[in-house]
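Notes for the one structure printed next.
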Amino acid sequence: MRTLGAELGSSRRRWSLLAAPVWALGLLPLLLFLAAAFYFPVLYTIVESLQGKAGVGPTLANYTSFVASRAGLDTLALTLFLSIAATILAVGFCLPLGLALRRRFRGKQAILFLTMLPIIIPTLVGALGLLILYDRTGWLNFFLVHVLHVVHEPLLIDYTIPGLVLFYVWMFFPYGALVILSGLSAIDPALEEAGRVMGAPPLVVFRRILLPLLRPSLLAGAILIFVQCFGAFSVPLIAGGNYQPIAVRIYTVATVFLDWNRASAMAVVMGIIQCVLVIAYQRANRAGGSTTL
Amino acid sequence: MTAAPLPRLALEHVRKSFGSFLALADVGLAVPAGMFVSLLGPSGCGKTTLLRLIAGSIVPDQGRVLVDGEDVTGVPTWHRNMGMVFQSFALFPHMTVAENVAFPLEVRREPEGLRRRRVTEALAMVHLDRHAGAYPRQLSGGQQQRVGLARAIVYRPRILLLDEPLSNLDAGLREELRFEIGEVTRRLEITSVYVTHDQREALALSDRIAVMQAGRIVQFDTPEVIHRRPASAFVAGFVGYANSLTLEMQGGLGRLAAGAGALRPADGRGISGPAIAFIHASDVVLCTSAQLGENRLVCHVAAIAFMGDHTEYVLEWGQGLKMKAVAPVGAASLVRGDEVTVFLPAEKLVVVPADAEAADAPAR
Amino acid sequence: MSSVRAGAGALRAVLLLAFVLFIILPFVMVGLQAFGSGWFGMRLLPPTWTLRWFGWAIKTVDLVQVLVNTVAIALIATVVSLALAIPAAWALARHHVPFKSALIAAILLPRMIPEISFALGVAKVFYALHLINSYLGIALAHVILAAPFAVLVLASTFETMDARLLEAARVLGCNTPQLFRKVILPLAMPGLVAAALFSFLASYNDFVLTLLVYGPDTVTLPVQTYLSIGGGYISVASAISVILLIPSLLFLFGLVRLVRPENLLGGLKGA
């Protein structure tokens, strides 16, 4: 708040058209472009979402039919369940990974490289590979049934909810891993050494020292993963089978049922939820002390 | 005299390397109970490695660590019952001062009453009883390190380890806290191992100093002996001898290489051949008369620096050979270019064979 | 103690190995699917190796044209993205801008909300402007995603550029073109390259927005991958995926060197 006030004050001093603000010339093209190609479409989407079937409006019918209908609530519940389950698993996966990556060892750079792989490559390729790997006749089942003999029948993973959660974890854990890794690297290793010298075994050091200090990063990482899961489109589109979370549902309603007004309402709801989540992430991140723009 | 009691801490033939870097090469050390020992040396000499090895954070490749005669080489850090003060303070930022100090008692499952009494006691000892509820970030650096000290002694560890505890503090605070560390360790009669690269800290605090160089202890003695009788050129340089003169020793007399005269050091009898003589700047006597003879050199004043309570002179006594001397303000009225005779008292000269100089090179 | 340490080390090694397999096996699968034939029904490896699927992709879905489309669109998007982002980033980094944080938020918003939530609107607006099924239209849609991130990378580059250095160059007698060529450009180069690579990659890899604005003449690799998967041609889709994957992997190698991983956070988004 204080910085905003300061900016207001100083801008009043400097803001004069004659002084030809250089920053305005620099920012203008980008802002015009975003206004035309992004903000206008967003506005258009909001307007569409308020229009009824035969062009009547403004109406909230598209929103009520989404939020109040069984199908709409199912979509939201499915999206939330997938996102929450995947977030919990991914954070539980990032934490030991981060701890294992604390020490220096040969090949660490390669592991970091792999950590970033799922978010750099096109999502569809990852989803395709996951579908093949976890297929009834894929490698996982091949090893479980024919090599390890731990199960008799191949496991059904593709196109199931647990399978979808697994795919989400693979696809989106890097966001959490990056936050948690930078959080861990901000903790002075001497703190752990101090704890051990003072008589705390590793588990106590972890519980009493590392975990409390890491909590803001864990929270920020969790929100970031959740945001990604909530907005996931490509993975559930090709690997979701009959399960359609909100992003896929919007696409289906728009392009299959051709009900753009209802799809627009869903898109607006989704955008608002996502904005709230992003703000929560920035709060958590600030609490964690790391500064990302 | 009866048989010497078991030392509180003993290191036997300890060796540790990191990759191809030999951090500790066959170190042995015995510290009697209650003694304050400093490990003194430049960065990279292995002093911190040695400290962490005593703490158990590092396992030696070879050798043993004994506490009261018991081999603790394989005992995990958290069972060694040692205290440690860190260069970076290492206070837990999410705990208050009192919680920080109580932490070691808590993991030892000490009863609540005892815990509270000990914490109060320890905080009083470092004059922080009024800050018990504060968080570390609300304290100054000096106060933070005092918390670190209180936390390290509150559970009466068998050995207190201090890893350059003053090097993150401002000069003024440093002296104050140094005094406090000496006070507390003496009062508790706690066996202490103190790592530092600052010879003044080591001299002021220690009962014994171990000077380390390239993974070895090169001299282990009392501060007086280390200061007055350094065992090698390296030690002499490290404990702050400002002047070194290259000599050719023969029958107790040392000819100066530059042909500028001869020195007869008090303890030069056993040495012959190339040698180096060391003398503190404060031991160089500026003479008023131009009388010549042994231990006297004719110099030119190359530079003068007024230092407040004393004056520092840089004297040139031959081709590019310089020496430092200090004199009380007003004691000598010299100006640049003046010729002056200096007297180097025999008993203040420290002579070591020049081949010891070879070890002075930054070795691995 | 040493056995505890050895145990912990072994545990760590096993965990890391599991992690490595977890991450790379999907890619191995795509590779096996793309270069193998007759690979179904519980087999470790395909019985025969073949380039047939690539041939199929070239013949049936005109892979060469799809590749040309994708690269052309990505190049246009990169140029436009940089042209918009460089002056904006310079203004944000080196000038006093009122409401700066609000402006930055407004610029980054497209990266913060899911693509699908504004893709519908973009499709409608672009349709009205006849920007559907054209290189320029698709490239502009990609710029919505690429430019904000380019601003992010470039602004942090420009910010770290020491003003005293520019001043010193001035004092030493640099004129403006010289200042730009000899001082600013070399200092900004890593950021410029990173921003260009990211813009290219964002466009090359984009699927969601493309799906709503592409047309029969402007099919891109991700869209074609999707269409092939949808048609059940898993091997052809895998072959296309292998091609699709190449720039990402090359860029990842380069990018790790150019920008710190935590900088990627604000910019990357997989929908």
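Letters A, B and C mark the chains in the order given here, with residues in each chain numbered from 1 onward.
Note that in this section a residue touches a chain if its C-beta (ideal position, glycine included) is under 8 Å from a C-beta of that chain, and two chains touch if they have at least 3 such contacts.
No experiment lies behind these values; they were computed from the predicted model shown.
Contact counts per chain pair peak at A-C. Of all chains, the one whose CA centroid is most distant from that of chain C is B.
Here the spacing of chain A and chain B, counted between their Cα centres, is 54 Å.
One finds 17 Å separating the Cα centroids of chain A and chain C. The set of chain B residues that touch two or more partner chains comprises 56, 76.
Residues of chain A that touch chain C in their complex: 3-4, 7-8, 10-11, 14-15, 21-27, 29-31, 33-34, 37-38, 40-45, 48, 96-97, 100, 109, 111-126, 128-130, 132-133, 137-139, 141-142, 145-146, 154, 170-172, 175, 178-179, 181-182, 224, 228, 230-234, 237-238, 247, 250-251, 254, 260, 263-264, 267-268, 270-271, 274-275, 278, 290, 292-293.
Listed in rising order, the residues of chain B touching chain A in the complex are 52, 55-57, 76-84, 86-88, 90, 92-94, 103-104, 107-108, 151-152, 155, 161.
For chain C in complex with chain A, the residues that touch the partner chain are 12, 15-16, 19-20, 22-30, 32-33, 40-44, 83-85, 87-88, 90-92, 95-101, 103-104, 106-110, 112-118, 120-122, 124-125, 140-141, 143-144, 147-148, 151-152, 155-156, 201, 205, 207-208, 211, 221-222, 225-226, 229-230, 234, 237-238, 241, 244-245, 248-249, 251-253, 255-256, 261-262, 264-266, 268-271.
Of all the residues in chain A, the ones that touch chain B in their complex are 188, 190-191, 193-202, 204, 208-209, 212-213.
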